[in-house]
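For clarity, chains are labelled A, B, C and D in written order, and residue numbers in each chain start from 1.
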């Protein structure tokens, strides 16, 4: 197998990204994407870990069995073999393992594969529309760039195989499921697949970084817990017997009011958002069901826990006050970014060598959450280290119908970053 | 045309009811039912009023154009001719008019045709299942008995035609759409179709009345207004920019808390129920949409208006407090039952003559609402009078999956009541 | 001792009322009033029960020891002997017992003695101002007419003694403390002092009845419970450490919102009112204390208990949600009026004989609460019967600074009512 | 006049502090303290500005005329001459002006004079108790150390007069009223008295700084607005006519719930605290009055304004929802600390020369608010500069009954700091 030319790597990577873009799959349902990944990796001769090798079912959060079931049917219909579905055990995600055969450190690169629930723009101005590779699934779209992450990771795998004789130690490339809602990394970490890793590096396209910028994430990720609350009341006729009912809707509204009012913390930034509430069956029936989706965040894990604890207290409180039942389900979790300055410095020094990188910036404004932090935390707990960087693109905003990346310029930058990192960390 | 025998009337009526039971249609979508009604009436040679002849579009409440559109497609697919759909102008409902040609009073009998959103029980104990006439539309069921009302009214029409030579004046038989949610009667009243009516009588199967009982409704219907509120906020990322969002969800929750707390009235019974709330787009996005369905009731129209006024104040208040938009839509309305003791006495005297009637009771406990009150109110406003009675059945509760009526015993009682009333009011 | 003339009775009664009017005492602090009552009764040679003979301390509600202590000091300063205070054991209230020595039924007449917290009008139009007998205690006023009740009851006692030889059986005249807030009757009932009573009759001046009217209370009293809730949180600096505090104020506000929203009952009328809330220590300190005064009412004792139960659930709920402590104290209680039609008929027949009575009306609109109902309930539970009537006056509204009664016309009517009742029930 | 010895300055300063400690006066009522200050300053021959010379009445916040009136009576009774009260025009506060007669910069030192509403500990362990100088006004206490600030400032004035021949330019020493609740500085700034100041320096005893520490405040003060809201509803009998009332209490509770839930800001730290709520007149009367005290804070003035704007929206919202009136009154205001690094550096270099200073620390944790920021801001707006430092003491917490300062060690350190700053800034 002759090594690809630089141009071949890039062309294949762009093509892969555009292919994946057309079949977006939401978290825990990425069976077609996982199949595409596994097929490619196996074609390269790489060892591929799947299912419970990379996902600890006990640590899985926010996975809806009904959606999984439907996704498997869809995958089978699209040509994914039943034998592969069996291999996954129903859990998406994959890890490629390159054993160089030479002693050396264990390095991990992490990507993610899921889409968001947005209907893609059909404007002719929108690049995927113009170039004919927009989403074929209405209501689903790779509007956060994970299609790009996956294709970069796949291309890095080809490059690693092509250049295996220049490398030592082990390199693992992670294809994590369900990053949206920070649901997947916890279960991947809990599988132990990164426990032997010395250095884990994750990356994201866009966000704060413009095209040409490599962003070094010093901090700024908020610890976060995603929580579902299912309230269950008792029906009654709202006109004849209001006193016989127990309104799950009113319990949920009272809880939302109290949650939004959880006191700020003098210890640092907090966040609370009740993002969804679906309650009630009919206008004139005391509502029996109310399903709430919320999230809390904190500048540290402790502050985040302070918020979680208050949410729990409030739910217990409204159960008592409204005589309803309520079940709290943890639907996602992320932590803050452990600080490993020497890995950031390494990334910086590699970035200086990558063509097209015009600026290198450090970011630390508290903002969103990212469950790669749980993988880095796991690595750090086992004596390793990690970091996270951004490779820029010019976009209109993530999770929007008109989200775009300049895949022909932006993705090669990421590809070159990982190549450089591999050589620096595992070069012979 | 030879007049039916008593047995023939009953058998046809039962068969009609069982036929309608299998194709339940929710309010404002009763195209198949209206078609069945109109065909039968025309076959009897009766004049049939349809569409805007019986429905004033300006007074229509709680009609969802998308559901109507889908229902029309369904009706066409089921064989309803396009020409009939055109006749309706998209508005369901019908009124049969029997002109005897002899001077005399104008009498109206009122039935309704819509189903509720319940999935019918498939238990073998459930009569419609056992006898093979249960709903063929999952999620929809004639669980309030309007299928019985329609079939009784149709059979009464045949009897009226058969006995036209014994009658004077005019008899109108109303097939009202959308009684559930008290949506349809207002628009039928506003059409003017009952403005010339001297006596209007409505009836309902079951509720408080057991099989063998005729219930005279002295009062007990609460005036009621059904209200939809559509809150519209502004999105933002809940982690990065919570201050930039305006949460429609929180505005709705605050409104629900305040609405539930509208002070009771010393003037009489009040009710408030927020029955449904669907809010939010994603867990980590400040919710842009919140749709609330609520209802208020009052022992009098004035008390009901006191509740409506407070709901309006609260919506205006949360618009201001949360900087959201909010639209209030009236989705249904009913009033209290105007008291016409002499019509109740008439019904009582007829009931005494009907075979199978074992007891006659008077009801006045405040409970539900019924928009037949708006038709009676309209008649009273134009100098007429009206009343409402119950014909009993043994049931497990209305709007339940296992709702049943004893159609072979219960419906004939209603049929005979209306026959008797026709003879008393319009007999020559 | 020669019996008074009619004129003497009336003059003394008016004088007594005007004297009491000048020294209003709030519930459980009526030491000067009780002393005045006891002195008069003893001068008449009547047996007087005091303290724990008429009040069961375990059943006392809404009695503030600090107010009692201050009242005792005030009474001592006003000349009430320490020995009398000792007799009361700190509990106001008295019962006069007339034993005729002849066998016969036990009858009880009930009056009350406490004032309300209103500052009396100093307008020259206001009769007590014009006649120089207005309240000498700013902030306190006999604005509900209990001064009149007490003076009528005292004068009835004189008449009973004067006419003892025309009477048989036993007559008890109750001077109940703390009717406002329905606090005193429960403890008087629990003392057992009315357990042997065959017929208990209470009365009130004014309310719905105009001057010249005797009102027969058929129903209309709502069962009611008065509740104090003391929330206790944890302080913290609102700027530096908001997360360390637990706000009693916010817990109370959330509780108020939820209480106001307790669902109406299909069983009958309910009421909820959070009447007072005092919370917080300083603007920038998380509030530690919040004291709430509320009341619930119900058309029946069961409906009232439904409201009480919900209040309790809500308080337990906010304790849990806000991690605060909260103590619920029952501060008052009344029930509905047990129906004893034959006693009402008796009252009606006596009213027909009383000079000045121009109309006799029956009242049953749900409205306020009255703890005489607890005394009647106790009597009924022990096999007796009871009733309550109004003797009218023309007033501007009870509990107002300009409340007035026409004592020269209204009180004699009550006096004559009780005379007549005594003769009918206990005449030889 | 011979200059004092170092020992004399210290002894007098301690004595002054202990004298002031015994007569604590809350904000805007410091008439006895202002009188003490003015007498001393005039005895030193200093020009003293009073009343509207140092306070702009239009900018006064949180001043209760009733408390002022009572304080003036108290001051007169304590021997303060009426002529002095007249000089103040009812506004406390003073500024001493030392004109050296030599050209040079204008420097201002700022102290404050008001106490807090705490009852001082009577524990024998408590130094003021042990040494017999504890507060003689129960419920009022110099528990924040402003007595120390005033006595240091007075002693600095004596030292300035004693060393006038070593100084150039002008030195103003500010005795600000009403720092608690950040009420006084705004009005002093608005008077223009610091408009010509080149350098303004304020200081506080304790807080984060231990005894022996000089703390340089780099940032950490939150912009803050203190707000009173007076809700006004409509009374009604809670049992008979709940629908006729408009509950100011419920409006306030709803407002509190919504205020506590104002979304956090991605721009920086926010705070909200509803610290006090007094509502309602009687348990069974719909509450007419509700008085709320709250405060908001923000990491910047803009963020604070975001909070203020939301509070205003919420108040407008509940006015509409509950049909109540509501008045918003600004009761206090502070801003963030403008950064003037060279002044901090100057303070640091002086601190290094002061005996007893063991450590010099820089503070910037967001925490409380201080209205000295408004004076510094005013100076900066006029082209000057300013800074704020802490001089440590070992205390149990400010605003506590057992707050203590080690006046014999701590105050001399502040005295020497100001001496050194005067020499550095205005030394010839």
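By definition in this document, a contact is a pair of C-beta atoms (placed from the backbone, for glycine too) under 8 Å apart; a residue touches a chain by one contact, two chains touch by 3 or more.
What you see is a predicted model; the values in this text were computed from it and never measured.
Least step count on the touch graph, chain A to chain D: 1. Counted by C-beta pairs in contact, the busier of C-D and B-C is C-D. The most distant chain from chain C is A, comparing centres defined as mean Cα coordinates. The centroid of the Cα atoms in chain A and the matching centroid in chain B are 50 Å apart. A separation of 68 Å divides the Cα centre of chain B from that of chain D. The distance from the centre of chain B to the centre of chain C, with each centre set as the mean of the Cα atoms, comes to 50 Å.
Within chain A, contacts with two or more other chains are made by residues 237, 239-240, 242, 247, 250, 254, 257-258, 260-261, 263-264, 266, 271, 286, 366-367. Of all residues in chain B, those touching chain A in their complex are 117, 181, 222, 224, 226, 237-240, 242, 247, 249-250, 252-254, 256-257, 260, 271, 273-287, 290, 293-295, 297, 331, 366-369, 399. Of all the residues in chain A, the ones that touch chain D in their complex are 257-258, 260-261, 263-264, 266, 269-272, 366-367. Residues 237, 239-245, 247, 250, 254, 257-258, 261, 263-267, 286, 306, 313-314, 316-323 of chain D are the ones touching chain B in the complex.
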